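Structures follow.
Below, chain A partners chain B and then partners chain C, in two separate complexes.
== the complex of A and B ==
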């Protein structure tokens, strides 16, 4: 036999073995109660140049983001993967997302209360003050861990989590190796207490190793952060508090005058009371030098490994979210209050169906004298509750939700927001100053007949600069939207955002958008055409800057 | 290249076989509003159908869907014995608002927190709202992405259809 036929035979053998393996896989799936679930999404966008709104055309003509998730599970066993395709990534994504690959895959097994995961996983300790690994496709964030995770339930009410791994950045992994452990104990369950008051205690510890490469400074190679949390519940009452501390971890700029050896800290506290028809939540949080990165000399969202929950209401209406709040993990002190109330049905204000009200207030300031800093030239630690006069963000708003009769319902919001544009967007002080805007929204829907509904949104934003600024302000906005839906399959929408109050008259532009969608079961197709304003787009308090664009968009999502 | 094709084709076949089955709920833990951990597979409703709806306090169509169903929920329960389970995917930013929102809204649903999105991922939910209908064997028999006004009527038809089918058996 010559070499070639041996090779061929081997190849055949290999293929046969692969085939056998896959057939047995299929059998396994069919016999073992195994099942496959997953989802797919595709987003295609073409861009045309539009000099008026400063929108660029893409060289590729069409850009593409697509994801396919597959999960196979059987009894206690699970494997999963995600195929990602960026050919090339949409303009609002980081261009580091480039090409195709399977950057997410894992296998896991649960036995006797022990859950083992090898490969990629998402994890969060407490509210995330010292560690959160998560994905948010809308923002292009995915800092999935790659490594080993163990979760263990020890008897009643005690659970342990631990892991070791590296975090994903785009198509590669950051330098830092993370080790973490988290324990939670439900006191009442563990000690079988029959108290009306319930206590849940938790603690977590994170350590990062990163090799020392800077020849000038003796940077600690292992740094740590820890946190403790307490949850007390009684009837309608709920208190949650978490306190976190980060041991000196110089980050970003390792230069003599900017080097920072100070430790960091953060806390978040919330007190909630609710009963039928009424609810209230009061929150306070503080962060000081509390940015934890997966590589110490990097900047950018992709490297952030912890999460200080943003202390403002996540708004769903466009003009309410034009000037969004984002947490300053380096230093801020904020408070928030939410009141929910439902006016009973059958009363004068409640009408036939009742009226729902939500009042929300939040205010976030900087720390007096700035965040903690310690080096050869400076040594500053802000006092615990000493906030500076520098306002970062404030929002006071009220939302009314009402069903008037069988066919008409509305949602109305009125808000006043103050937004420190210079600080929050990293501009030079005095460029844009602080903006104060009053925003009104009326969202009205009318049911024409069974399955057919028409909805109108009218939004207005009146803005003024609180200080004289060198740059021209965008000023006032108006937005109208009309949407026609035919349940369960179709929707049509047209909207126009008009920046009629721009100080620069040549920028008083319309941003028009058309959208058509078709839905069937778990599949959704949508085609859109129009212009998008340059701005900050946020999900869950994490934001990204989206460039202005003009073009056609097609998206398909489905799950199975 | 060929290997890849063989591999992908095989995955496709396996997927087709696996897809033909009715799916069960995954083995995932969620938390109650009282901080207790429960496994989603342990949910039950005395042999009656269950609806699992993914939502968030910041999601307008989700709240519209659940508020609309809340108005007719008593009738639905009476006629079909259905139970609605609302899974909040609020993360720690808005998690503390879930209980006050739910209570102030007068909802009679069972509400659970999936703040790390584990269940969301395991059930292939990419956007909210996403609604699943579960039969008495705990299998997913129908699901629907998104909510537009009137969708609750289709959901109810599906529930009624399921109840009729199960009674015939």
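== the complex of A and C ==
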């Protein structure tokens, strides 16, 4: 019997349990005045070979990701499940997502302020520096926990949450058993202070157990991390600071130079001031040897259990996001400044409706000498602050958003980004080097008549390699997009990306896409055809490699 | 209720943290003394790799480190496979004057194993340790960091088969032809389908390899798969019922240059992006590797290797 027959048997068991679960749901609905909600998503894509863009055909011709969430709640009781189907998974997903199943199911109730969840749940402590269990479909990440979680409000302004569980990896669970606890206290509420300044303190602790043996080195089977955080709010001011620490967490190797007993640390600090029409945020963060995995030896996003928030601006426009910043939990130091200002309406620059301006600067570099290392032969701790180290990423950009009149509005962006392609994409130094790009975007929309809007996006990216590199650079890009929307039901879009500046003339290619969408209520259908460029796609500093593709795609989403 | 939470907090804090102070090395263990044991449990580590895979040398070094600890009980097999990291660069003296990565280490057998076990599709480096977990819900493709722990578990398993390899040359044979006899012995009564696989490996091939951030021209590739003498998934060792003490003998008479030419032709004409640069085999560094596996779950039960020239 091959592996997949065995897995199928397990899945049959799962389906039977799911069936029982659904019957129970129906009975509950019949007996109570509960509420059932849900949402559905289907993403289907055909793949044809296109040697010019290095796109591979799928043996199955068509690949499909789909899921259905169902939640039933009544009074203090809630149950839910998610059915997932990967037949087979889209090429930008890990191929371990294969087949059908119900990998997410839970039940919970609340009594006397105690909230109990049994089964799967998502959880995050603070900003996630030591623990974040979450789902991000766009990245193909789902590290949901399976276990028990308790949340409790001890008294005024004090809340606790605690859990024990294993984290999901595709259709199974990682070996590591996580135990965690998080406490948060609202000082003002607890001590009934009537200050204008509000203080919120938090602390969290996480521990992972894995049974491991090693004939040569001492292995900690229980690895812990903890974090403290402080949030101070006063009028328009908001300070948030969090510091995290992880104890020795070596891999289980027999090679001495691979054994790293150094502790890890991370901090993030942000200070914001905002008032009507103006906001400014300054941030700094640093991470050193702060990757926490659900299995210490494993590689891949599915095993990462903590999250270092990115410090770069999350761009939505295609060419602004072509070279995104991937956060380096093993070692980086970054700063960001973000200023928002709205020029008042009725002024020369503000016009009739006002003008919104946004300035953003971010810079991320490596740590001095790399991340911390400690074993019998090495002991290195990088300097706490050293901004002169290898540059990973920088971005300086200005965005102007203006409504010209009741029919015309535009958004314009100019940016200059520096992207260490070799480092951030794991290339050999000297292959592509560091890229510097200047990007300009003009997004113009015009309301033709009530319910009819046409939008044009024009984008240009001018790129150069800052040093000699052995591989040919992609160089300059142009992109145009036209989108026609007939509210509330239809939209039509055509888009072309043109890599006209590729150093390799045979790769000066067009990536054309056509899309049509239909919306009715909460249901959305979209069908498209075209080519996708191979590239890096990131959400919040967590990134994945998206392979090039050529084919038809269909997506359906709905909720009830 | 409050007391309940305080107990949870105290329990977690007290028991969930192991801070370790150096020295971290506990000392090396001596390899098992095999002088009085005719057969011991050997472990096959199939290291799926590629010469442009920058992290793959870490896996190869881990295999070496495991071998250093456990000695001859650990047998490696480096399988260069897949079109991403194992494919050779085109031979292009103008575009690639240093002739980096132009050698084709791939074989038809390696590609077939890679396709069946779906290894390189999940990223390299990955390895299989006696191919355990293929039929379980676990993953048979192990990251190199997992190998040491698994090897420790595998070594404690019962020895079900013994294998010894005889290699001879007779005067009438070609200079690169050998008589290879695989003698196997059942060390327990068993029922099932057991397969014998015999292949050739070559050690110490100096050629290009990406190693971290370095393109290393002098990298030494170890125990590289060269050829199979049996079909990829082996040949039947015996009928279903096996008694303790049953002996089996399987013979092969390969001509190495013929196998080498087959590989060159396969690289040139069949393998995707192949270039035919798959020769220069060195008999002095070649080994015969034989293993027996259980067809029901693909687990390798015993493995043995011997130098082709009896070195």
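Side notes on the structure shown:
Rule of thumb we're sticking to: the second predicted complex is superposed on the first by the 519 of 560 C-alpha atoms of A that agree within 3 Å, B and C clash if a C-alpha of one lies under 4 Å from a C-alpha of the other, contacts with A are read in each partner's own complex, and residues count from 1 in each chain.
To be clear about the criterion, contacts are C-beta pairs under 8 Å (C-beta built on N, C-alpha and C of every residue); 3 or more make two chains touch, one makes a residue touch a chain.
Bear in mind that the values here come from a model prediction, so they are computed numbers and not experimental data.
Contact with chain C, but none with chain B, is seen for A:261 once the two complexes are overlaid on the shared chain.
Partner contacting the larger number of chain A residues, of chain B and chain C: B. Applying the stated contact rule after C-alpha superposition, one finds that A:346 touches neither chain B nor chain C. In the superposition on chain A, contact of A:99 is made with neither chain B nor chain C. By the touch criterion defined above, A:224 lies against chain C but remains apart from chain B after alignment on the C-alpha atoms of chain A. Contacts of A:248 after superposition on the shared chain: chain C is touched, whereas chain B is not. Common to the chain B and chain C contact sets on chain A is no residue at all. Taken in their complex, chain B has these residues touching chain A: 3, 6-7, 10-11, 13-15, 17-19, 21, 23-24, 26-27, 33-37, 57-60, 67, 71, 91-97, 99-106, 115-118, 121-127, 130, 142-146, 148-151, 153-154.
Residues 1-2, 5, 8-9, 12-13, 15-20, 22-29, 54, 58, 61-62, 65-66, 68-69, 118, 121-123, 134-140, 143-146, 148-149, 152, 210, 213-215, 296 of chain C are the ones touching chain A in the complex.
Residues 1-3, 6-7, 10, 94-96, 112, 114, 152, 154, 160, 162, 172, 179-181, 205, 207, 209, 212-218, 220-224, 247-248, 250-256, 258-259, 261, 295-300, 374-376, 426, 428-429 of chain A touch chain C in their complex. Of all residues in chain A, those touching chain B in their complex are 15, 18-19, 22, 25-26, 29-30, 33-39, 41, 69-73, 75-76, 78, 110, 122-124, 126-128, 134, 137, 159, 186, 189, 198, 200, 231, 233, 236, 238, 240, 268, 270, 272-281, 283, 307, 309-310, 314-316, 338, 340-342, 353-354, 356, 358, 401, 403, 411, 445, 447, 450-453, 455, 485-488, 491, 519, 521-524, 540-541, 557-560.
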